[in-house]
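Chain lettering (A, B, C and D) follows the sequence in which the chains are written, and residue indices restart at 1 in each chain.
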Amino acid sequence: MGKKIKLGILGGGGDSLIGVLHRVASQINDNYEIVGAVFNPDFEANVAFAKEIDIPTNRIYKDFDTLVEEELKLPKEERIQVCSVLTPNFLHFPMAKKLLENGFHVICEKPMTTTYEEAVILQDTLEKAKTVFAVTHTYTGYPMVRQMREMIKAGALGKIHKVDAQYYQGWINTIIHDKAKRSTVWRLDPKKAGISSCMGDIGVHAFNMIEYTTGLKIKSILADFNYLYEDNQMDVDGTVLIRMDKHVKGLVRASQVATGEENGLSIAIYGEKAGLRWEQENPNYLYVLSDDKPAQVYKPGHAYNSDLSLDGTKLPPGHPEGIFDSMANIYLGVARAIRGEEYNDGEFPTMMDGVRGLDFIESSVESNKKGNVWVDLK
Amino acid sequence: MGKKIKLGILGGGGDSLIGVLHRVASQINDNYEIVGAVFNPDFEANVAFAKEIDIPTNRIYKDFDTLVEEELKLPKEERIQVCSVLTPNFLHFPMAKKLLENGFHVICEKPMTTTYEEAVILQDTLEKAKTVFAVTHTYTGYPMVRQMREMIKAGALGKIHKVDAQYYQGWINTIIHDKAKRSTVWRLDPKKAGISSCMGDIGVHAFNMIEYTTGLKIKSILADFNYLYEDNQMDVDGTVLIRMDKHVKGLVRASQVATGEENGLSIAIYGEKAGLRWEQENPNYLYVLSDDKPAQVYKPGHAYNSDLSLDGTKLPPGHPEGIFDSMANIYLGVARAIRGEEYNDGEFPTMMDGVRGLDFIESSVESNKKGNVWVDLK
Amino acid sequence: MGKKIKLGILGGGGDSLIGVLHRVASQINDNYEIVGAVFNPDFEANVAFAKEIDIPTNRIYKDFDTLVEEELKLPKEERIQVCSVLTPNFLHFPMAKKLLENGFHVICEKPMTTTYEEAVILQDTLEKAKTVFAVTHTYTGYPMVRQMREMIKAGALGKIHKVDAQYYQGWINTIIHDKAKRSTVWRLDPKKAGISSCMGDIGVHAFNMIEYTTGLKIKSILADFNYLYEDNQMDVDGTVLIRMDKHVKGLVRASQVATGEENGLSIAIYGEKAGLRWEQENPNYLYVLSDDKPAQVYKPGHAYNSDLSLDGTKLPPGHPEGIFDSMANIYLGVARAIRGEEYNDGEFPTMMDGVRGLDFIESSVESNKKGNVWVDLK
Amino acid sequence: MGKKIKLGILGGGGDSLIGVLHRVASQINDNYEIVGAVFNPDFEANVAFAKEIDIPTNRIYKDFDTLVEEELKLPKEERIQVCSVLTPNFLHFPMAKKLLENGFHVICEKPMTTTYEEAVILQDTLEKAKTVFAVTHTYTGYPMVRQMREMIKAGALGKIHKVDAQYYQGWINTIIHDKAKRSTVWRLDPKKAGISSCMGDIGVHAFNMIEYTTGLKIKSILADFNYLYEDNQMDVDGTVLIRMDKHVKGLVRASQVATGEENGLSIAIYGEKAGLRWEQENPNYLYVLSDDKPAQVYKPGHAYNSDLSLDGTKLPPGHPEGIFDSMANIYLGVARAIRGEEYNDGEFPTMMDGVRGLDFIESSVESNKKGNVWVDLK
């Protein structure tokens, strides 16, 4: 065939959420096929997982170095073109570097590296490699986030007054108060997670969102981190004041102990002409605020959006993209039924649902035609 | 190989939205591979589309009958196991019938057939065929819809008092007031769309949602349809009063001229012990109402949900499933870059975003460590 | 003095909610003073209540007839000008009739009478009396309801397609399932409450809202009522299909057993050019929907609203009118303190709050001036 | 009579919003009667306004000193007991001080004084006076704010992790970009408004809300203020990092240039056991968040609330307190009609609305009784 881009996957095996996310995303626009992988450092688990998701096992390699070595032996038209790096954070740098040095494109999970020093080295490597390199700050793919960027670029806000980005989660609350847990979870161990927990894991998304949407660079910051226990000094919460280009001020607020918050990423940007508000948990609603006109609610898929925003929208307005997943659940139930596996009778609509639907439609028409009288379904 | 179910596609070519939806959904849980298709009645367009989405063309057939004939010649382990029927409504019945008669499983778009009579015939066919047959009432795949069903089954509402389901859209408003348009659009032509527009296309989803969630059957209905122009008597709006098992009353409200509504499917179910409210445009929020306790907001992915609800959830709480699509947009941008196509610099985060992220994290730590002082980014 | 209108009150004593509502409302715009009343059929309770709310007792009468008789003896400039009729439903008619016949203006709670026959008689009486008569369909006083009316009058919706009004409450759910309770509560006894519970008490508000906002008359209806127990046939839920002037269709949905709903009055009106949605529980948000433009959120107090809407708004945008009540709670706490009654230290902000506020402001300025350093509060 | 507390008003004449707010609030719980005032420094305007709102003019004084002097001559049972100080900020201190020194209770608008130094002097004065003194941090009167305080006091959150209070308004955006306007508006002139605009006017409310709800004291702060123009250095935006008792951290975010924000006061408090979120623009919704249970939505008036919260609630659940205002608008229309002034036919429901309501109810019953048939209204 040859139209699809040949994709290799590093990490993301088993029930890794980031693995699911990358695999699904790579398939949605019919652009990629997975041709090789090292899902897991354990080779047997690696092959087993490949079988489980039905990927040919002949290019499932025992480790990353072997993958590079073997793929380079293949003719260019068969070779992996791009690798998704989904491994633990400390492996991002050596893998990405070697991939670039060998001419591969790279899609790298964030954080790109564990230190700024490594990041700069990688940047140099990329300049020589001249391949494509993407860091998956996923949230910039949302249609309404792209719409914010384009509106600001087009001057809809005028001079920007203030930027306020939040990323509040609560999940570390379930860990932090237990001394044994908090001293063992990798996320709170600076050796494994890097020098920052909250700011490094999620604050950085809010930072990126600010630069992505405003097109401005943050030049200077003042941080105040929050620790709950003396015996664990990793930040689980914090505020960072920021100063940007053009004298714009703002702040990043992030927390992993905002109890009950799930994935509370949001941004508010206020300018001379308008204000913008968006939140990740309701990603299809972009509020455009004005002092003297009614607030407007922008939604994806409408012609009034920018090209960049529309580019990311496949379904008509009113369908949250979760519809893909809803349909996928039905396909999942059908797959179980076809394979003779056990399934619940609520997993997919059966022919009986179809029959009843027709009965409903015809009976409705009959009731209406007869002057709005009661009609029994069959 | 062999783990994935072999899927055939009928219809859904080109930029068909329903085609996109089924293809993506079939891939999300790693269960299906598309091995054959008749995307389009025009053979050249058919092959061209297969190439565009990178599906092997050797099993792209010139028409449906050929597909059935040729597939039956293949050894059973290579043969299409299940077909998704995405063709115009009037073709659902003959295709589904023939597929069943030849031992194929079927995933059929709704409406399953154009008449109740056909539906009953198909039901007989299925009884003999003993294969799997699903009608894609997509909305029943949402985790919180499944949660409603399971809560009601478990008695959380007690005796049900009232069911009120709504499906309000506005899109026909852009067509109906133009005489030329309303007399040519297939949806408003009873010969092409069946005997009902609004109730047949969307009211039936609300009907299905009621029966799915409550587990009760609607026994009797009284309908009042709404037409806007004398020269076009297809219902574009209407209300159907319903009477269900166990003396439960309720109603279905549907409209295609509810101007400004996008895909306003929602349901409210009130019982002796609690009330439930859910709306498709914000599918992750299920409100559980009480007379004497605070309302509760159920969300997907939490352990407090039923197994059936959790089965459909791949990501942790707080991630709207649209996250798949957001990530997919980033993969799309990367694909364009790899192919050397034109792309916008906002389409995917680059290494520079990664570098700046590290700079932010390290500078935050430094500012905090030094006692909350300003630190310049590099 | 003499600028304020002299108001008499019939009923509404003790902790009657409707009594509170009318007394407060009569005072908000500095237009009325209460000069006479029969709060209670028991004279002692009547006088006691007048003292409790600090109204002069010399014009607290033993019964309604005495009130009319005695007031008529007073010189016209001292006499009650208008009476608020807040008594049980069956007394509305005889009281209103006698008041009109004696030249009084009347503000009457709804339902105005218990039968249509009485209503027509009252109408005749009013025509002769030529005084002012108002029925308190309270919801028409909301600024955004008035805005809907004015927008529709000005043609913002064009031809109306559909009107859908809902009034869902759940409170009878706490009564209906107990046989003893449901057979004794006055609301479910047709002799006391009139021929309808749900439609008569709340459906009629939805009906009024439709006629008020659209300016159209409902000409014909089809009703389906819902009873939960054979031994109590009063409707506690129901749907009424409606046909209006200009061939507009719609419906009224009402329930008193919509478990967990509090006071869920809402209306949606869809027309050729736009749609409108409003709900009483969030009365400051009017959604103006369009097929091709972002939805707009109208809020009270902005210059873009109609005069009729602005007339009802005393506070700047963003202050829910509940701010009156919030301030009133503080005055209540202060009153208790002044009277030496017991009160909670959270009932009103004390001077210490004032001191700390100044400390905060001055310390903030100091911290900012010194280059964003930590400053201790005193 | 004598049950009502005798209230004097200083300032708040004409169309002063704060004047309306205090007058209405003082009347809502039947506790106060206004017996004296200096609404305006201009005596004629002062008397005219008293007449306009129908307050006896014999105790309308030419200035504050006269008010104090004359009132002291009255017998104690007739004398003003409490004065509401609604004058420009710089007058709060001298007036409050003199009132306290002469034995009056005081209700003082915020800021209590213009400097911390004055505040401390006033505190000393109060200690000697032993009267009641309230600063009107109005927002602490909301039922759900009181509920937050009581829940935290009862330990519902456990150890508090983080407090985040916001007060975003946009109104100065309409002034700040015009050099002439920004150099003349009193709010941006430090001589008239005090040393801070944004933090002094609204940030201090957020500060107070934090201390009120958590019961903790803020001990140390770090501020970053935002100015938009070099020629006007008053803060119109800013962030204040805070450190509280028990090592709790948090922040106050405030802005007067958050374009399109109306009165965006909100607070989020996260603790070990739960999180709380509340916003002033939707004051009836208190979200109680949990990591492992569905979020709960607390609303006013329910028995599950604390006594302090219920104390402030007069109406049943589901009635936003704005209902008072809605009813008041209807009374306003009736007043105009009674006085023979011009009014719009949408200002109050007339008898015709009452007649139609009865027609609707009776017709509904008839339609239902006859088996759900169409019935024409009369």
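Please note the rule applied: a contact is a pair of C-beta atoms (placed from the backbone, for glycine too) under 8 Å apart; a residue touches a chain by one contact, two chains touch by 3 or more.
Please read these numbers as outputs of a predicted model, since none were measured by experiment.
Engineer: Between A-C and B-C, flag the pair that has more C-beta pairs in contact.
Structural biologist: More contacting C-beta pairs are found at B-C.
Engineer: Centre to centre, using CA atoms, which chain is the farthest one from chain C?
Structural biologist: A
Engineer: Between chain A and chain C, tell me the centre distance in angstrom, where each centre is the average of that chain's C-alpha atoms.
Structural biologist: 48
Engineer: For chain A versus chain B, what separation do you get between their C-alpha means, in angstrom?
Structural biologist: Computed from C-alpha means, the inter-chain centre distance equals 21 Å.
Engineer: Taking each chain's centre as the mean of its CA atoms, how far is chain B from chain C in angstrom?
Structural biologist: Whole-Å distance between the two chain centres: 43.
Engineer: Counting only residues that touch at least 2 other chains, which ones in chain C make the list?
Structural biologist: 171, 222, 224, 241, 261, 288, 292, 295, 299, 372-374
Engineer: Mapping chain-to-chain touches, which pattern fits: line, ring, star, complete or other?
Structural biologist: Topology of the interface graph: complete, with all chain pairs in contact.
Engineer: So in the complex, which bits of chain B are touching chain D?
Structural biologist: Against chain D, the touching part of chain B is residues 222, 241, 288, 292-299, 302-304, 372.
Engineer: Over in the complex, which chain D residues touch chain A? Could you list them?
Structural biologist: 157, 159, 161-162, 164, 168, 170-171, 173-174, 177, 222, 224, 226, 228, 237, 239, 241, 249, 251, 253, 255, 257-261, 268, 270-275, 288-292, 295, 371-374
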